[in-house]
Amino acid sequence: MNSTVALLLCGPAALLATAVMAAGASRLAAATRLVYGATLAISAVLLATAASHLAGNPGEASATLPLGLPWTGARFRLDGLSAFFLVVVNLGGTITSLYGLGYGRHESQPHRVLPFYPAFLAGMNLVVLANDAFSFLLSWEFMSLASWALVMAHHRDEANRRAGYIYLVMASFGTMALLLAFGLLAGPAGTYAFDAMRTAHPDRFAAGAVLVLMLLGAGSKAGLVPLHAWLPLAHPAAPSHVSALMSGIMTKVAIYGFIRVVFDLLGEPAWWLGVAVLLIGGVTAVLGILHALMEKDLKRLLAYSTIENIGVIFASLGLALAFKANGMPSAAALAFTAALFHVLNHSFFKSLLFFGAGAVLSATGERDMEKLGGLIHRLPVTSFVFLIGCVSISALPPFNGFASEWLVFQAILRSPELPQWGLKVIVPAVGGMLALSAALAAACFVKAFGITFLGRARSAAVERAHEVDRWSLAAMVVLAAFCLLAGILPGLVIDSLSTVTLPLVGERMPVQMAQPWLSIVPIAESRSSYNGLLVFAFITISASLAAFFIHRFASHALRRGIAWGCGFPDAVPAAQYTAVSFAQPIRRVFGGFAFRSRETVDMPAPGALEPARLKVEMHDVAWEIFYQPITGAIDFATERLNHLQFLTIRRYLTLVFLYLVILLLVLALWP
Amino acid sequence: MTGFSFDAVAAILFIPAGAAAILAAMPNYKMTALVNVIASLLTLLAALSLFVTDRPAPGQYLLVDDLNIVFIVLNTFVGFTTSVFSASYIAHELETGRLTAPNLRFYHAMYQIMMFGMNLAFVSNNIGLMWVAVELATLTTVLMVGIYRTHEALEAAWKYFILGSVGIALALFGTILVYMAAQPVVGEGTNAMVWSVLIEKAAHFDPALLSVAFIFLLLGYGTKVGLAPLHAWLPDAHAEGPTPISAVLSGLLLNVALYAVLRFKLLLAASPQAIGPGPLMVTMGLTSLIFAAFMLYRRRDIKRLFAYSSIEHMGIIVFAFGMGGPLANFAGLLHMVMHSLTKSAIFFAVGHIAQVKGTQKISEIRGLTESHPGLGWALVIGVVAIAGLPPLGIFMSEFLVVSSTFARHPWLAIPLVFGLLIAFGALLLRLTGLAFGEPRGGMAPVEASYVPMYSHLALVFAAGIYLPAPLVAWFQHVAGILG
Amino acid sequence: MNGLTFDIAHLLAGSLVLISFMMLYQDRLFALINVFALHAVVLALSVAWQAYIQDAHHLYITAAIALVFKAIVIPVGLHRIIQRLGIHRDIETAVGIGPTMLAGIGLVTLSMVLMLRVTPEADPLAREDLAFALSIILLGLLVMVTRRNAVSQVVGFMSLENGLVLAATGAKGMPLVVEISVAFSILIAFIVIGVFLFRIRERFDSVDIGALDDYRGERR
Amino acid sequence: MISQLAVQGAQMLSVLLLAPLLIGFVRKVKARLVRRQGPSLIQPYRDLVRLMRKEVVLADNASWLFRVTPYLIFAATWVAAALVPTFATGLEFSWTADLIVIVALLGSARFFQALAGMDVGTSFGGLGASREVMIASLAEPAMLLIVFSLALLAGATQLSTVAAFMGSPEVGLRVSLGMSLIALVMVAIAENARIPVDNPATHLELTMVHEAMILEYSGRHLAMIELATFLKLLLYMSLIACVFLPWGLDGASAGPKALAIGAAAYLCKLAVLAILLAVFETAVAKMRVFRVPDFLGAALMLALLGTLLLFVSRSL
């Protein structure tokens, strides 16, 4: 048993111990600090271990415990991929725990959060380490279960109960899909160890089936359209730091599962597998961000934007698949690196944004943006870091979101070298979708920040708000710093990812840190290059130059006055643009096909006193197409079958009698 | 020297029988409850001693082999924990006046007779004797289901009795047919009914007779397993009887009938020309699974809800054994054990719930985790376990069943998974209502002990994480026997 | 074995089937019970005959049980119950007589077909007996299924048991275990049914399961 | 090295100085087209200086973001503009950012402008911002698709390489290029808030987009923003110039003669484009705000079509 793996396994064990302890002591006053302190320490250790392994030797280490499935044992393995995702998970875990140290104090039901929070972290760690189907699924479902308990933390709220219900049902649907996929990979003999699956290559049909099942299984957890229905319900329902974990980290664990099976266990893919992933990714990106734009609940908005980012990641994974299938390892490496890079970035800024939302929530008690506004005056630090989060997620240079999306686009530009016509046509279309979703994301976060933090207060709750505790601030500031660093030093990340890409796609991106001025050059400098550091430097320098010159040589006089507003008298805050009205032009443009939205205005007759009314009717198309029929069918079936509970004894006897006669007939007709 | 030699099998049989006689004579109910517990404990110890003492050679009437040890130990264990639970439960029933002291005497005597019947069914090597034993167990439970004398209770008992006795008849005819098939080969007399003899010579039996016999046996004993469409007695019997009996019914009696079916499946499998028992069992299993899954949605009575979930799980188990093969059989055995433990634990919890809330209506029970945390979370764990979520035992068996089935016959796995998901949705829906939300119903604390309940859950949890090697080897061996 | 013994056994078994058919088209309770008594008598005869030709003397006990309990005690008891409950002039078939008879014929053919697949090496007498027994069992079930009234369902159930006894006795050298268990099961069955009838009598005003049917598991 | 840095610096300064002149020129031409005298060419300079001298009147509710934004917008636009080859390719710092980055830089400028519009909390700010992001959400993808097709053609997103490639003989007349050109022009019009998408001269509340966002700005802040908008127009014109009229462009390392030629060519191109713009703006009328999506949708479709054509044709 390898020492690193042993250490990494002690982590989850310690977390579980913490969970048990928390279950006992959760009603103590000091429990919050103890639990989050413990998780903070443990995650930090795990993070350090995984990071050192990722930076150091890219070798593999494995261990087997006499647990789980008897004749397979609980197998665990540490390789580049799992090390990277361990970093993602535990970085999230560390910072979330830091945030929790402060945020957790506002928790009304600590005994329903503290025991499950460490368990949730442990589950995610174990998924990433697992090396056989059983322990993988066990940890996977344990993770779902723990997060379900966290979603149900505030169970008195009907909406939360519904969210939890839909979440766990979808989760177990996904698990079933994964189970079937592993069943195919394991074969009738039941060789559930990943090592065995790696060597045995399924035929084309089986491979296709596995991929579809993985899209269903991992996709439902990650939130691919149309399996996303649970996500915008469940993620916001949990306490904010848990929402951050679920949105920022758990979805990444799902992506890990997808990569592990499709890139690692499945062997050589067929090119059309890539097409499916590409298309689903593109559609998910666009629909996700459109939904986010229509949202006025801050946390739901963030949840939907998670769906968009997942779409981006899957699209670039699909690209990597297509390249890999066509024997273009360098291009595959580019696309794959882009995907992983985006995984990391999204875990940064999505956690940051959820923390910000949590801060707003604890400061004002509001999630509804229509009741917020002007918070930039009340929560200066929070609003600043939230702004950084918005800029990063909107893929604007020089922050990290842009760096990864830039790589994705670079990968798309390699696609003309692909031989298949299908890909030739689809890839640019998907590229267009990604571009569209990027632009919409910018719009969405202009709205998110503008409505929440800018303008004037829309409710009394905002006046009472004041800056949150220093733990939360520290967590957010750290994440903001990460967003900037990953943005201006992308080469660092890309190089550390090489140990992940090499074994999976058989190639790595060229070394970046050797480039002059730390710029990144995916293929060749004459072809394309980007230097976040210099762009950042140029902008700051020129901005400060301009400011300096003007204040030096021109006026720097300043007078406060009432807003001009085309000479309109100072209107009430309600006259400001709201979240809904902000999104109205875009709804006009895209709503027609995305939501079958319809606007009806009833304008009273001239001189009539009643107000004019604008009614907007929108449909969640995915829900209506996929989910309602299913629930309807189940309802119908139960209604019909339920009569069987109310028969007379004679009728029951008749059933038995008929069954007997039928069986005898079968026997009589038996050859 | 010819000293005293301890005969475990005899002990397993005579302790309950003797206890029954004593209990029938004892007036004081507190004493009877205690004696009941002690007797069950002794039976359990005797059963455990089967591991250490050398097994008696298969005689004309009794047999102990690897297959039935599993059942015996499980049976006596759950019998013991249930008797502990029943002690506190019955006390409460007496306070509320639903039962009278004479009832209790009857109840405890019957309890031991039932245990005797079930143990006899397991150890009997003679298909006639096994039949008698199963019927004995059935009839005693009939009487206990009717013990509350209420309209509903008598209804349930009556339904149980009529359907049960038809089952009895069918099973008996099947048994006779087996004898007829064996008689020309084995020769007249008792030998033609001794299972261990039959299994050796089964290859030469008349396949046509065996096939007919199996159909009758499958229906006869299947009625007691509660397979749809023979299940009708099961939900009401569970819902209207005393909760300990519901626990025993789901946890044990169904296993007894299942055990009988398995024995005859082996017999049939040994005769190549006869119809394959596999397809029949797979069909019945899937039917029960999917049917029960849908029935779960409209249930309003909490005990009836879990009764239907028992049907569902019996479906899964029968399906697994019908699939056959080392993986599926292993899964079937594991699933059966896990289901017995979990389901009886759930019924313990339900018993406490019904007593503190004063109702069995699901709609009138809310927010248990808030009003009774210990009870509520136990229910959550139990339902999570029964719904097949890790890290609890049933997940492992479902994992094996589903994945191995999908690898062998993909088209069989689809309905299986479908049924599992439907059932999961229903159970979780009810659980969300019961355990969470604004508390509703009685708030009085539970005075009974949670030990039986939590001990079962602990076992289930442990099994989900870690199965000890000897147990595994032994299960694999049994799975091998089951072919 | 010589033809005569075989023929007599055959005749008796066949006449049992015939009487089951008679039960099928009785729609008065008293008539039904009387026919059942006849059924029991014939059964007793055939069992006795079996005892004679197999010279298995324990079978005489079975015959006696059949004669005493089924042909005398139970019919009388049922008469009592019917009079006490005052349900003696019920017309109580659920399905028309015609269809029932057709179904009965179908069942008999089915059982014949099944049993004739049995390899002829097996003792022919046993084979014929089995065929008849199977048809009697199925007909008994048919009675239970087509009658609404508890009493007649009990009767149907017992004719089913008769079929079992016939089969058991037809099986050469079947150990005593089985006869005892048959008797014992009938005994239990009868006692418990009696108990239940009385309870039910207290609860409801008739034995008619129709009255039970207002409660079916969960109230809607 | 030094010379290259010099060229780079010259370029940065020149765009800064040229931008107002370009605007003045456009206005002049427009005025002449409608038989008016029009302001003098250097009027924009005067305006800027005047604005810088004035004091800033800041709304009570304005936050620090409101005051920082103008400099950010200016800086982002300036950096972007400085990276577009004007009279010489292969500038010293051209490799720090390719075409995608330039688009993104403009995007971030817009991002902050929209935020600033919402900061004061008047209804007009929100109106402008929401319309702006709607337009951007269509214009940006179109622009990126244009970038795609150029990149596919030149095999690079590096502007210098693209320009060099477009200058080389091997690029013949291509349908997709035409489409991209049209799309680019449409995007440029939208991005610079010119007629028919927006009217830089209007202050009619119902129609304004860009003006609505900067309604609350005054003094030096307004000057910065104005300058940024001037730069943006210049940027797009030089972009069109260097990609579609790459004649006279030469590497920055070339001798001063070549550079002089390049500069002269550049000025001519700008003049031509400015005149075209003026003529176009006087010829057409502003469209309703909700016709804009159709306009930009057309651009998007053209760009996508161009890209697809390229993908397909390259495989032949």
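Letters A, B, C and D name the chains as they come in the text, with residue numbers starting at 1 for each one.
Everything below uses one rule, namely that a contact is a pair of C-beta atoms (placed from the backbone, for glycine too) under 8 Å apart; a residue touches a chain by one contact, two chains touch by 3 or more.
Here's who's who by UniProt: A = Hydrogenase 4 subunit B; B = Hydrogenase 4 subunit F; C = Hydrogenase-4 component E.
Everything numeric here is computed off the predicted structure, so don't read it as measured data.
J.: What is the touch distance from chain B to chain C, in steps?
T.: The distance in steps between these two chains is 1.
J.: Report which of A-B and A-D is connected by more C-beta pairs in contact.
T.: A-D
J.: Among the chains here, which has the CA centroid at the largest distance from chain B's centroid?
T.: D
J.: For chain C and chain D, what's the span in angstrom between their mean Cα positions?
T.: 100
J.: Report, in whole Å, the distance between the mean C-alpha point of chain A and the mean C-alpha point of chain B.
T.: Each chain reduced to its C-alpha mean, chain A and chain B end up 44 Å apart.
J.: Determine the centre-to-centre distance between chain B and chain D, using the mean Cα coordinates as centres, and give it in whole Å.
T.: 79
J.: In whole angstrom, what separates the CA-based centres of chain A and chain D?
T.: Centre separation, chain A to chain D: 35 Å.
J.: At which residue positions does chain C touch at least two other chains?
T.: If we look for residues of chain C contacting two or more partner chains, we find 114, 117, 141, 144, 153, 212, 217-218.
J.: By residue number and range, which residues of chain B touch two or more other chains?
T.: Expected reply: 158, 162, 166, 212, 235.
J.: Residues of chain A touching 2+ other chains?
T.: Within chain A, residues 645, 647, 649, 653, 660, 664, 667 contact more than one other chain.
J.: For each chain, which other chains does it touch, given as pairs?
T.: Per the contact definition above, the touching pairs are A-B, A-C, A-D, B-C.
J.: Show me the residue ranges of chain D that touch chain A in the complex, using the header's touch definition.
T.: 52-61, 63-65, 71-72, 74-76, 78-79, 82, 93, 95-98, 100-101, 104-105, 107-108, 110-111, 114-115, 118-127, 129-131, 133-134, 136-141, 144-145, 148, 151-152, 155-158, 161, 203, 205, 215-216, 219-220, 223-224, 289-290, 293, 300, 304, 307-308, 310-312, 314-315
J.: Looking at the complex, which residues from chain A come into contact with chain C?
T.: For chain A paired with chain C, touching residues are 645-650, 653-654, 657, 660-661, 664-665, 667-668.
J.: In the complex, go through chain A and note every residue touching chain B.
T.: So the residues of chain A touching chain B come out as 66-71, 133-134, 137-138, 141-142, 145, 152, 155-156, 158, 161, 164-165, 168-169, 172-173, 176, 179-180, 182-184, 186-188, 190, 192, 634, 637-639, 641-642, 644-645, 647, 649, 652-653, 655-656, 659-660, 663-664, 667, 670.
J.: With touch defined as at the start, can you tell me which chain B residues reach chain C in the complex?
T.: Listed in rising order, the residues of chain B that touch chain C are 126, 128-129, 131-132, 135, 139, 142-143, 146, 149, 151-152, 154-155, 157-158, 161-162, 165-166, 168-169, 172-173, 175-177, 179-180, 183-184, 188-190, 192-193, 206, 208-209, 212, 235-236, 239, 299-301, 304.
J.: Within their complex, state which residues of chain A touch chain D.
T.: 373-374, 376-377, 387, 391, 394-397, 402, 406, 409-410, 412-413, 415-416, 421, 424-425, 427-429, 431-432, 435-436, 438-440, 442-443, 446-447, 449-451, 454-456, 517, 519, 525-531, 534-535, 538-540, 542-544, 546-547, 550, 554-566, 568, 571, 573, 575-577, 581-586, 588-589
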